[in-house]
Amino acid sequence: SNDRTTVDVFAASSLTDAFSQLETRFEQANPTVDIRLILGGSDTLRRQIDDGADADVFAPADESLLDGLTVDGGVINARPYATNQVEMIANSGVRTDGRDLFDWTQEGVVVARCEEGVPCGMATDVLLAEIPVRLGVVTFEPNVREVLTKVRLGEADAGFVYRTDRLSAGDDVVDLGITSASASVRLAVAALSDRTEAIAFADFVLSDEAAAVLQDLGFGRP
Amino acid sequence: MKRRRIGSSGLPPAVFLFAALGLLVLIVPLLGLLIQAPWSNLWNLLSTDQTLTAIRVSLIVSLAAAAGSLIVGVPLAFVLARVEFPGKSILRTLVTVPLVLPPVVTGVALLYGFGNRSIFGRFDLPFSTTGAVLAATMVAMPFLILSVEGALRSVDPRFEQTAASLGARPLYRWWHVGLPMIRPSIVAGTVLAWARALGEFGATITFAGNVPGVTRTLPLEVSTAYTNDPDRAVALSLLMLAVSLIVLISLRDRWVPRR
Amino acid sequence: MRRPRRARSENEFVPLKAAIEADFQLVRADFTLTVAFDLEPGATLAVVGPNGSGKSTLLSALAGHTPVTSGAIRIGTRAVDDPLTGTFVRPEDRAVAFVHQEPLLFPHLTVRANVEFGLRAQKVHSRRLLAEAALAAVGMLDYADSKPAELSGGQAQRVSLARGLVLQRSLLLLDEPLSKVDVSNRRTIRKSLQEQGQTQVIVTHGPEHARECDRVLAIDNGVIVALATPDALIAEPPTAWLKELFQ
Amino acid sequence: MKRRRIGSSGLPPAVFLFAALGLLVLIVPLLGLLIQAPWSNLWNLLSTDQTLTAIRVSLIVSLAAAAGSLIVGVPLAFVLARVEFPGKSILRTLVTVPLVLPPVVTGVALLYGFGNRSIFGRFDLPFSTTGAVLAATMVAMPFLILSVEGALRSVDPRFEQTAASLGARPLYRWWHVGLPMIRPSIVAGTVLAWARALGEFGATITFAGNVPGVTRTLPLEVSTAYTNDPDRAVALSLLMLAVSLIVLISLRDRWVPRR
Amino acid sequence: MRRPRRARSENEFVPLKAAIEADFQLVRADFTLTVAFDLEPGATLAVVGPNGSGKSTLLSALAGHTPVTSGAIRIGTRAVDDPLTGTFVRPEDRAVAFVHQEPLLFPHLTVRANVEFGLRAQKVHSRRLLAEAALAAVGMLDYADSKPAELSGGQAQRVSLARGLVLQRSLLLLDEPLSKVDVSNRRTIRKSLQEQGQTQVIVTHGPEHARECDRVLAIDNGVIVALATPDALIAEPPTAWLKELFQ
């Protein structure tokens, strides 16, 4: 496999599932290409790219993180391919029947959410501005998977996660039906180098084959 | 007096060369941080209620963790250094495990052991300041234990024998001879543990979450700021640096005797 | 297995002058010490012998720092070490004062605090007076507030002796207590030791000191080669080494 | 011989009580981890190329960092313990700063100092294994330095004086007396540094990124797995635990002399 | 300020028997040592005095472990310590053998390696033979492979002496080298010291040893109170302390 060309794809860790599947499929179709996923928080990845990291493709958790990115003097081409929506979920062991779902201020109840500033945190802020859920103890997690884990384990009683995360958790969590179309992020991808393999992978993310994969995971169409 | 000091450390020149190299690795990044810090804006970035709250939480958590480590870590170090029992070398190593584990794993382990769904019972520790103290203690204590145990290994046991011959029973002997003879190491170990607790991030956020005013310590504040306002993150780091420098320097000079 | 620990009261059973009955073997790696002797209350015993013959080991067994392998040791009216019955009285409960061959002054305490250490540990009253008297007896009162690191070799040794003497125990175990002390102080301290009246076991390489004791125990390579009065040994030394000692 | 051992540690009972408490804090979480681990599935979770690659990267990075810390950290500790110079107490404290800083900040500082846009020049270190080693070294070295410096403070200086009187010049003296007399502390400090380097996460990911096969060490692998496949994260943690236990136990028994 | 370091060649300039010219003052906290004396090559000087009078401090100044405050020390043909000219020759360059009051054996080395230490440091050949001869001279050859922790007090002191003697330096500085050695070994070792022929400065509390030296330097409280042949001192002791020493 040493004669394969490596393509470094910087992807947000919230996209790990999706991009692992895309990687497998793309590599099956293009055996000479080795996709290398470099995962991290979107901001960290963006900062590393700004600091000169050699990324071929960048797929952050929100398209805004592609703003103002230039490569070799040219503005890059940000291409939207999916959306994802923030929803409120609860641990399946939490009794939700007969209680006011908009009131989570009771003694001892913990609600997890993404910290301010990261994409899912901004979307959560939008949701909370629209639907005034009352929250008691709130823990600000560094990324959305951390929120999901805390709710799944039952350490937190409820939380705000993407639809894709809720689906991935299966029966461990329940959907509280608290969501809003405006509380969503738009995902975009951009090739940062003019290598054909890099552009080919970015193209692939926008292909119908990829769309099917993404839809299965719960992403919406842009 | 003066003549003796000049260049008479008795250390070979090669040692100074390598020491300078080591210094470089440690100091260059700190210099970078200092040079690029947003000095002009520093006060604005730091003078918020949020900062004060984080400082308060950090001090409470780190001091409690250091105190906790001191109270249970020193006895544990004595037992490990002085008592022979089967399986000791495994136990001794288990004690150092939190040093090796990535903090996230320590946090996960804490959830399993002391979390709300722990097999050992429900403790209501996550998302509480007590939980943050527990996480910091687990991460910090091994430093103290290793520092103290190392010192115990090099103390001449005949001093305690002598104390026994003078009629001192175990507790008196321990308090008046065993402990004071390794005081510098206990102080150093406590300072180490405190420093580690102050900088603790991964285990805290995994186990105790990031609840403002309750478990959001300075490192968590720094990490939150890092994604939103990098300048504020650097400013907060400088603040942490200043706090720890002040504490460490004043402790060093007051408590640690020079030979 | 072990005797219950109630030393503070046990101490009171031991008379001011304790007898010793020792008949034991102590095995350690390459070296075996085999001794059997009795000492009547108030007597002084000099222990002499070449380097490495087992003098310090003997004191260590009497003081309780090294348990015997077989046999038994009785101090005063009770057994303090007897593997057969599982008796082992810890050093702090033996009512002896042991002065080690090296000073071993506690480095973190002043000279005064070193001498007061044993008194304090046993909550004795009027420590200050007793400590100062003991320091004066070895001529070290002027250094009461010094730290051990600031003393000369002989000064440290004298403080170490004072730290043991101040306890006024019924049995003194002294391991070469005057080896670094100057002749003048040596003479004074020897005299004050003689006036103490307690039972004493003194290891020494000095013939003058041995000569002043009631009896002399000579060991060589872990075995007793003579146990007699000094006069008897001087008159008829049983070994060449003893002859050289007293010549 | 046997009789002496039984219960004759000379430690007062209270010490055992507190030691047990300390043990509880350290052991309960580990037990939780062990009990809830996905034992039946362990082999499947671990037997992937990705795991092997991460192990390889981790071993290279942690061993290189430990070696680097040893080579420059021991001399630095000697200089700090033995040489008097103005500003020493500040320098001494600066050396311990990476202990206090949250690892993210250490990573940022490394970017400022040794990054591609460093004011000190371009080093091409980020995203390289060398960069990961540098990050791990900066975080790990203070452990070694503190451990060794503490030991040096309690060594009787007259031994080195004696060596000088026997005609040994500084380098010979240092190598044959200064170093060997504190060997247990040097070994302990190196093990500490190695352990800390093995568990290093924050500074590495910030400074050197998360590049598979280059800078993705086991902790980065764990953290990546934790958000996607928690079972795999726990399995990987157990692997790290096993690796470090094996290394620590074998080192302890072979290298650290008992008194 | 400081002399260039080229000791290995400098050592060769020092004759096998080094003379001493000392005339200095050494100030330390509460204590001041003021001495002035010459010693001709090959002579032996006993230093006597009460505990804390400054004997060890004097040797420490000659060996280069404590620099003098004013005045100067010459060993052999060169100044080794002279604050006025900024001269200070380090201990390792002084071509002296200093045996400290305490054994200070390197705990991590065997007895043999301890004795070979100085030879090895100076890359001397046939170390093994020399070391074994030195150990035999103090009667410790049987313990060549022991670790220092396994020696008795007197045994350790003898090894420490062997470690200094083996270097065959032109000046021996011995601080109470026989204080813990038994009488028989003491006599043998004293005899072999006399046969060495080097210049020797020996601190001692033993009148027999002082009597065998060419001259006796008596100090008290940091000041010289007598410097004369033993016979002269015995005949007419200038102080009560000296009278007591030789009585």
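Order of writing sets the labels: A, B, C, D and E. Residues in every chain begin at 1.
We adopt the following convention: a contact is a pair of C-beta atoms (placed from the backbone, for glycine too) under 8 Å apart; a residue touches a chain by one contact, two chains touch by 3 or more.
What you see is a predicted model; the values in this text were computed from it and never measured.
**Student:** For chain A and chain B, which third chains touch each of them?
**Tutor:** Chains that touch both chain A and chain B, as defined above, are D.
**Student:** For the chain pair with the highest number of C-beta contact pairs, give its two chain identifiers.
**Tutor:** Per chain pair, the contact count peaks at B-D.
**Student:** Distance-wise, how many Å sit between the C-alpha centres of chain C and chain E, to the nearest whole number?
**Tutor:** Centres of chain C and chain E (C-alpha means) sit 31 Å apart.
**Student:** Could you tell me the distance, in whole angstrom, between the mean C-alpha positions of chain A and chain E?
**Tutor:** Chain centroid spacing, chain A to chain E, equals 79 Å.
**Student:** Roughly how far is chain C from chain D, centre to centre by C-alpha average, rounded to an integer in Å?
**Tutor:** For chain C versus chain D, the centre distance works out to 48 Å.
**Student:** On chain D, where are the residues touching two or more other chains?
**Tutor:** Correct list: 111, 115, 164, 169, 173, 226, 230.
**Student:** Could you list which residues of chain A touch at least two other chains?
**Tutor:** 146
**Student:** Pull out every residue in chain E that's touching 2 or more other chains.
**Tutor:** In chain E, 90, 102 touch at least two other chains.
**Student:** Quick one: in the complex, what on chain A touches chain D?
**Tutor:** Residues 8, 13-14, 16-17, 36-40, 44, 48, 51-54, 143, 145-146, 149.
**Student:** Considering only the defined contacts, which chain E positions touch chain D in the complex?
**Tutor:** Going by the criterion above, the answer is residues 5, 7, 63-65, 90-92, 96-98, 100, 102, 104, 106-108, 117-118, 120-122, 163-164, 167.
**Student:** Flag every residue of chain B that touches chain A in the complex, lowest number first.
**Tutor:** The touching residues are 111, 115-117, 124, 126-127, 205-206, 209-212, 214-216, 223-224, 226-230.
**Student:** For chain E, which residues are in contact with chain C within the complex?
**Tutor:** So the residues of chain E touching chain C come out as 29, 49-52, 55-56, 101-102, 150-155, 158, 176, 179-187, 205, 207, 241, 244-245.
**Student:** Mind pulling up the chain B residues that touch chain D in the complex?
**Tutor:** 5, 9-19, 21-23, 25-33, 35-36, 68, 71-76, 78-79, 82-84, 89-106, 108-115, 118-120, 134, 137-138, 141-143, 145-147, 150-151, 153-155, 157, 160, 164, 169-171, 173-174, 184-185, 188, 191-192, 195-196, 198-202, 218-219, 222-223, 226, 233-234, 237, 240-241, 244-245, 248-249, 252-253, 256, 259
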